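Two complexes are shown next, each including chain A; its partner changes from chain B in the first to chain C in the second.
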Partner chain A sequence: MRELKGSILLLACLNVAHVDARTWRYRSGEGASLQTVINGTASGDTVVVEGTVSEGSIRVDRPLVLLGGAHAVIDGGGEDDALLITADHVTVKGFTIRGSRRSNLDDMSGIKVNACRGTVIANNILDKCFFAIYLSGARDALIEGNTVLGEPGAEEHMANGIHLWKCSNATIRNNRVEYHRDGIYFEFVTDSRITGNTTMHNLRYGLHFMFSHRDAYEDNHFEDNGAGVAVMFSHHIAMRRNRFLANRGASAYGLLLKEINDGEIKDNTFQDNTTGIMVDGCNRIKVHDNVFRLNGWALRLFANAIDCDFRGNTFAGNTFDVSTNGSLIPNTMSGNYWDRYSGYDLDRDGYGDVPHRPLGFFTLLVEMQPYAMVFSRSLFVSLLDRAERLIPSLSPESMKDDRPLMRPPAHLSTVSVHSAEACDGDTTRDPCAPVDACSPGLAACPHLIHLRVPHG
Partner chain B sequence: MMRMNPIILFLAIALHSCAPTEPTIDFGKAECAHCRMNVVDRQYGAALVTLKGREYVFDDVVCMVHFVEKGTVAEDQVAAWYVCDHARPGALIDATKALYLTGPAFRSPMRGDVAAFADEAARNAAQQAEDKSLDWNSVRQVLTP
Partner chain C sequence: MLKVFKYTLIDLARNRFVLGYALLLLLVAQGLFALEDDPTKALLSLVQVVMALVPLIALVFTVVYMYDTLEFTQLLAVQPIRRSSILGGQLLALALALLLAQLIGLGLPLALHSPSLAAAVLSLSGSALVLVFAVLGALIALKQREKARGVGVALAVWFLFVLVYDAVLMWGMFTLSDYPIEPFVVPLAGLNPIDLARIMVMLQVDLSAMMGYSGAIYKNFFGSAAGTGVAALILLLWVTIPVLFAFRVFQRKDL
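For the complex of A and B:
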C-alpha cells in the first residue's frame, strides 16, 4: 500500500512539472514522510501539513510554500536544525517548531535560512529552540508575527531568538521573543527594519546590533531584558517610538550606544531603567523628543561623545538627569523639559530665561566615587547641589540647556499602557494593549506606563 | 590542645587573602570592562587580576588584549591573565599557558573568534581542518589592532 502511494506521488510529481503551482496535503502518519513529499514537489508548489511531524531535520531545497494546518508541529527531535531552508522564495507559515539540537559548537536552530532570497517566516510558534530563527546571508526576508519562546530559567543555555548574520533588506515585524540570550540579534545586517516587536525576559539584550548599518527599529517594546538594548559599532541607525522599560542592574541600560555614528533617537520612552541611555564613543547622534521617566540615570554621556544633539526631550522623576565622566562636552542641549528646572519665564515665550544645568555636583561626585551614592538625597548633598547651581564651579560650561522648556512638550499626549511586570508576571497580557482594554482593577496599578505619543 | 595567639590567627587570615586568587565571572550579570557588553558566553570569557588585586572581566579575549593595549591597566601591572576553557564552559585557565584555536567555527561575542583550551588533547579534539593553532603570544599579536 505504501509503495503504491509512493508511486502515485511520484507520478503526480512528474505530471505537475509543467503545470502551474499545485497544492499537496500532508497529514502526519499517513503515507510517505514529509521530506519525501517535499522532495517530490515542483518549484512554487504549496504543501499543507497537519499533525506532528517528527522525522528529524526537514530540509527545503526548492521554492515552496509550507502551510501549517491543524496542529501542525515540526519536531526536530534534537537532531540538528528542525527546519533548514536552502532555496529562494520559501514561505513557512503557521507551524509550531521545536526540538533543535542544543550545541555550543554549531548554531542549530528551529528554522535556519542559508543564503536565500525572499524567505517569508510568518505566524509560527518556536518552542524552546536553541537559536529560534536564524538567517545567514539572506536577502529580502520577512519575519512576521512569530512567537519565539525560550526556556524560562535556562536562558544561559539558549542562543538568540531571531538571529541575523550578514543579511540585507530584512523586515522583522510584530514578533514576540522571550527567554533567549538576545531577543533579536543583528550582525553585519544592512538596510533592514525592525518594527512592532516585543522582546522581554531575555538574558542579555532585547535587541542587539553589531556592525550593522542603515537599519531602523521603530515601535518596539523592550522590557525586563538583562541589559536592555545595545547598538554597537554601527552607523545610520534610526530608533523611533520604542519603549525601553525596566532594565535594571549595575550593567543594565535601557539603551547602550557604543561607537555609533549618525544615529537618530526620536519619540522613545525610557522608564524605570537603571540607566536610560548610555552614550559611549558616539558621534552626531540626534536625541529628540524622547521621554525619560523614573530612571536612575536618564542619560550617561561619556566625554568621548561628540556633536550629539539633545532637543525636545522630557526628563521627569529621574534620580540623575545627566551624568558625564569628563569635562569637555562638545554636544548641544536645547529646548528640553527638566522637572528640576527652577527658573522663570518672564517673557512668556515658553522657554525659561536662565539656562538649566542638569549636571549636579552630586552627579559628578558619584561618577568619580560610586560609593558616594549612600549620601543620595541627604541634606548635605542637596545643599551642595544648590550651591553648585548658584555658583557653578565644577560642571562643564557647555553642559547646559539655554532654552529649557517650562512645560513638557505640548505636541505629545499621554497614553497609558500596561507593563507586563506590573501584572505579577502575567505575560499573556499584551503589554501594548491600552489600559481600557484591561480589567478595571488594573487601571490603578502603580506600574502603569504613561507613554507620550505624538498627536494623531 | 595548642593555643593559638589570636593576633597571629588574624594576621594569617588577613595575609592569606592578599594572595592573588582566581577571579570568578558572574555570567549574565558581569559587564565587560572594555566593551560594556554583558558577559554571558561561558566559552569566550576572560579576566585579569592586577598586582593590587583588582579584577577585570571581559566577554572576549580580544577585549582583554585591547584593554591592556589601550593602557587602562598597564601591562606591567597585570598579575595574572585568565581565559575561559572552551571545552569546559565557565572554567577559567591561565591564559599564558593555554592553547588556542581560531577558525570560522569559533564565533565569540566581540569577533575575537579565538578559543582557549587547557591542554593539547582538548585542543586536538576540537580542531577542524581549517582552524589555526596559536599560543598566547601569537593570540596577542593577532588581536592587537
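For the complex of A and C:
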C-alpha cells in the first residue's frame, strides 16, 4: 500500500472523515456484486478484485484504488461502458477489461474517464473494446503499461485505442495498441507526453493529433498502420526518437504534418514507408538528425511549407529523397547526408564542396505523371537524372543542400531497425537487450531507437 | 544434336570470353556489396548494372561466337546431320554456358550477401534476359552475312531495348497525358523484356514506392500470381519466337 500513501494522505487532508483507508477483497460469485462493494467504500479505499466480474457496466464515483487480483476480468457484457470513472484520483490496475457496447453514437469504451483529475490506468489488458481507454476532460492522467487489442480483421468496427479529448498534462507511457481505428488519438489535448508506446496494425493512424498543443511524443514505435502518424492543426509538438516503420499505401505516410507550427522532429527513424514525412502547410518546423531509409518518398515537401529547417538528416536507399509540387521553396536544407550525392570534398571539412540537388528529374516526372513510376531505375531515367543534377533546368533553384555531408552524421552508419512484430507476447526480455532480442517495451529503451554502429 | 551440344559446350568452356563474363559480373557484384554497408542498396545498384550489361554481353557475345564458329558450322552442315540439330545443339550450349557464367558471377554473390526474395527475382530475371538476348543475337548473326554488320545490328537492338523504347514510351506518355492512357502503360512497358525484368525486380526492392497511388497499379498486376505468370509467359515468348525464326532462317540459309 506504500504507493498509495501519498494519495491517501492527500485525501486525508481533503476529507478528514476518512483518514483510515480500508482494503476490500472481492471475489466474483461470492456475496454481493462488485458495484455494491464499490458503493459501500469510502474515499481512498482499495478494492482487490479476483475472478470474472460480469455484471454490466461498473461505475466508480469516488476516489478508489481498484486492483486486479488473480484472473481479474471486468466484462461489460456489451452494455455501455465496461468501467466508468467519474471521480478524481481513481487508480485501475491489473485488469482484463472487455465487453463494451459498440456504438458509433455513444462512444462506449472499455474504461471511460469523465472530467477527473489524477486518474491512473496501468497494466491492464483491454480486449476488443470499442473505444478501449477514453478520457474526456481529464487532467494529470497517467496511462501506463496497458495492452490494448482490437479485433484483427474487424478494425472497421473498432474505435480508437487510447482516446483523449480535452485533456491536459496527461502521460501515456509504454502501452501497446493494435487493431483499432486510431492507435492513440488526441483532440484538444495540451501539455501531454506520449512515450515508449507501440502502435501497430491500426486501421487509420498509429497516432493522431488534432488541435493539441505543446505536447511531446518520444521513443514510440509506429508500424504498419493504415496511414502512419498524423499531426494536424497543432503547434509546439516535439517528436523525438520515434520509429515510423512500414506504413504503406496510396495515402500512407510515416508522418503526416498538416498545418503544424513550431514543431520539432528530431532523431526519428523512418523506414520502408511509402512516404516518410509529408509536410503540408507547416511553418517553422525543425527536422533535425532523422534517418530516412528505404522509403518510397523520404520527404514530400509541399510548396506551402515555410521556414522549415532540415539539418543533419540521413537519406539512404530511398526511391525518391525529396519531392515537391511547386517551384518556390522557402525552406532551408543544410548539412544532410544524401547517399545519392556524388560531389567531392577537397578541403576535407566533411562537407561536400558542391551543393546537392535532391530533386531528381525523375521525381519531377513522377510528380507530373504518376504512371511514369514504371520507369523507376531504368537506364534512361538514371541518365536524365544525372543530366538534371549537372544542369538543373526543372528543379527549383532553392531546393538544394549547400553543405551536404560526405558521410552519415558523426561517422555513423545506420543499421536497419527491426520490426516489433517478432516480439509479440514476449514480455520477459530486457527492454534494453540487443536488438535481436527485442521486446514489446523496446521502444522504451533509448539505445534502441537509433541503432548506430561505428562506420567501417 | 547432343554431340553438337557437347562439342560446342567444350569449345565454349575453353573460350576466355565466357570466363571473363563470369569474372566481370563477380567483380562488379562483389565490389558493390563491399562498397555499400547496406546490402539492399548494393542490390539496387546491381539491378541497374544487370539490366544494362547482361543484355549487351549476351547479344554481342552470341553474335561474335556465331560468326567465329561459322566454319565449324559449315563443316557440320556437310555431314549427315539435320540442320535443326546443329543449330539446336549450338543454341543450347550457348544458353547453358552463359547461364552458368551468370550463376557464378551474379547468383553466387547475391546468395552470399543478400539472400532475399529480391535477390532471387533479380537472379531469375537476369537469367531470362540472358536467354532472350542470346537467342536474339543468334538470329541477328544468322540474318547478317558480315560480322561487322551483325555486331552493329546487335548494338542497335540493345540500344533500342535499353534506352530508345523507354524514351519513346515516356515521350508518348507525356504527349498523351490528357488522355486516359493508364491502361496501356503497363502492357506496353511489359512488352520490352528489359523493362519487364526491371519491373519484376522493382516490385521487390522499391516496394514502398510501388505501394503509392500509381505504383499500386503495377503492384496489383505484376505482384499477383496471375501477373507473374503473364510476365513469365511474355519472357518465354521472347525466347521461343526468335528461336523459331532462327531455325527457319538457318534451314533455308545458303551457308
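One rule holds for everything that comes next: the second predicted complex is superposed on the first by the 394 of 456 C-alpha atoms of A that agree within 3 Å, B and C clash if a C-alpha of one lies under 4 Å from a C-alpha of the other, contacts with A are read in each partner's own complex, and residues count from 1 in each chain.
Assume a contact is a pair of C-beta atoms (placed from the backbone, for glycine too) under 8 Å apart; a residue touches a chain by one contact, two chains touch by 3 or more.
As the structure is a computational prediction, the values presented were derived from the model and not from experiment.
Undergrad: Looking at the overlay, what does A:Ala230 touch: chain B (first), chain C (second), both, or neither?
TA: first
Undergrad: With both complexes overlaid on chain A, does A:Val279 touch chain B (first), chain C (second), both or neither?
TA: Neither: A:Val279 stays clear of chain B and chain C.
Undergrad: Counting only touches as set out at the top, which of chain B and chain C does A:Pro370 meet: first, second, both, neither?
TA: After superposing on A, A:Pro370 lies in contact with chain C but is clear of chain B.
Undergrad: Would you check which partner chain A:Ile125 touches, where first means chain B only, second means chain C only, and both and neither mean what they say?
TA: neither
Undergrad: Does the superposition put A:Arg248 against chain B (first), chain C (second), both, or neither?
TA: second
Undergrad: Please indicate which partner A:Gly296 is in contact with in the superposed arrangement: first for chain B, second for chain C, both, or neither.
TA: second
Undergrad: Once chain A of both complexes is superposed, is A:Leu105 in touch with chain B (first), chain C (second), both, or neither?
TA: first
Undergrad: Should A:Arg181 be classified as contacting the first partner (chain B), the second (chain C), both, or neither?
TA: Only chain B is touched by A:Arg181; chain C is not.
Undergrad: For A:Phe320 in the superposed arrangement: first (chain B), second (chain C), both or neither?
TA: After superposition on chain A, A:Phe320 lies in contact with chain C alone.
Undergrad: Between chain B and chain C, point out the one touching more chain A residues.
TA: C
Undergrad: Which residues would you name on chain A as touching chain B in one complex and chain C in the other?
TA: 249-251
Undergrad: Quick one: in the complex, what on chain A touches chain B?
TA: Where chain A meets chain B, its residues are 104-107, 155-156, 181, 203-205, 210-211, 226-227, 230, 232, 249-251, 256, 258, 278, 280.
Undergrad: Name, in rising order, each residue of chain B that touches chain A in their complex.
TA: Residue positions touching the partner: 27-31, 35-38, 40, 42-43, 89, 105, 107, 111, 126.
Undergrad: Flag every residue of chain A that touches chain C in the complex, lowest number first.
TA: 248-252, 272-275, 294-297, 316-317, 319-320, 339, 365-366, 368-383, 413, 416, 455
Undergrad: In the complex, go through chain C and note every residue touching chain A.
TA: Against chain A, chain C makes touches at 37-38, 40-41, 44, 47-48, 51-52, 162-163, 166-167, 169-170, 173-174, 177, 181-182, 185-186, 189, 194-195, 198-199, 202, 206-218.
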